[in-house]
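Chain naming follows the written order as A, B, C and D, and within any one chain the residues start at number 1.
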């Protein structure tokens, strides 16, 4: 069923999504790859971003990792600290 | 002719020669190697020192470099700064 | 246990090398290697007026802890401090300090350099460069 | 000309990282690598109570200048400070600080490490270690 998933967005992802915490409609449970695909579908500007990672509960997550309701999900564009 | 050459001595060389500025009898002009040999002859404890360099006018000098009257001559035992 | 040997901070106030040294200096260490990042006044040929750093703070601290703990495992070092600043920074201000103490200098240098290299790869912090005529998120685009 | 980019000092008072940074920090540099030597409380298994450093000052300054000028030639770095202390030092005090600024961090680290490695080989400064039951000139004997 389609749920509103809260997504934290930083850096250029925040600019593209229009906020640092965005409600996003997606079929749940989902996976990291599915979320990335859905985000790129809804926000085509992500295509031009060099890379896009997803963090679930403060850990980098990879393609088939499942995202459950209640997880803290963040979109991580290319980092540039230091 | 034998002259008194003033030699600056540091670290263990100062302990061995008994002072930080020592008058040393040597045939002048001389060379770095001759000076080292004469020092070791007069102060046999230098045999046990790991290495012995000579500086003439604030520059490391090597074996056949000539030492003239008036040069500032220093005995440089193994350095251990830093 | 190892956590007592690391000091990880994200701050919105000026960073201080002395504060990092206070944490890392130990009587059984002979060497400290310190990296200080400073804000440069240009990128390629464009004049930079200021920078802004933004962090995903909770995760950034966890990622910096991972870096520090792994370095303690892999190098003969004793303590490591990683301080990163967020917010607006002017030219010559300090975004990051990494300070490492070790019995001997080789390990201190190796760990310090590895720390900043890894931080720039993995820690979720973002830098926005401001120019006279606009701004850009660094590294966002190819 | 290059001499304005180096700051070489032999001091009989406490060394300060901030004083070195004041010299090297530049608005066109993004990276500073700093090495701080500290007095360790032991050598192998012997407890050290204090150290004494003695320098052939005029020559030591010339040798440190040579190191700094060669590094400016060989690495893409901007400024370098080398401060060495002499006299009696207690545990955790600082005998030496080397600070290097550069546009990028790789050159800063490489130059800083090369500076301390070379200093320990060539600069006429001697360290005497004091133990509870005697003292010894470091490195004097095989």
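Criterion: a contact is a pair of C-beta atoms (placed from the backbone, for glycine too) under 8 Å apart; a residue touches a chain by one contact, two chains touch by 3 or more.
As the structure is a prediction and not an experimental result, all values here were calculated from the model.
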Most distant chain from chain D by Cα centroid: A
Centre distance in Å when chain A and chain D are each reduced to the mean of their C-alpha atoms: 49
Gap in Å, rounded to a whole number, between the CA centres of chain C and chain A: 26
Interface hub residues of chain A, defined as touching at least two other chains: none
Junction residues of chain C, two or more chains touched: 37, 116
Chain-to-chain touches, reported pairwise for every pair that qualifies: A-C, B-D, C-D
Residue ranges of chain C touching chain A (in the complex, touch as defined): 37, 53-56, 58-60, 62, 84, 95-96, 116, 119-128, 137-142
Residue ranges of chain D in contact with chain C within the complex: 17-18, 21, 25-42, 91-92, 101, 103, 105, 108-109, 112-113, 116
For the chain B and chain D complex, residues of the former touching the latter: 8, 10-12, 14-15, 48-50, 55, 58-60, 74, 76-82
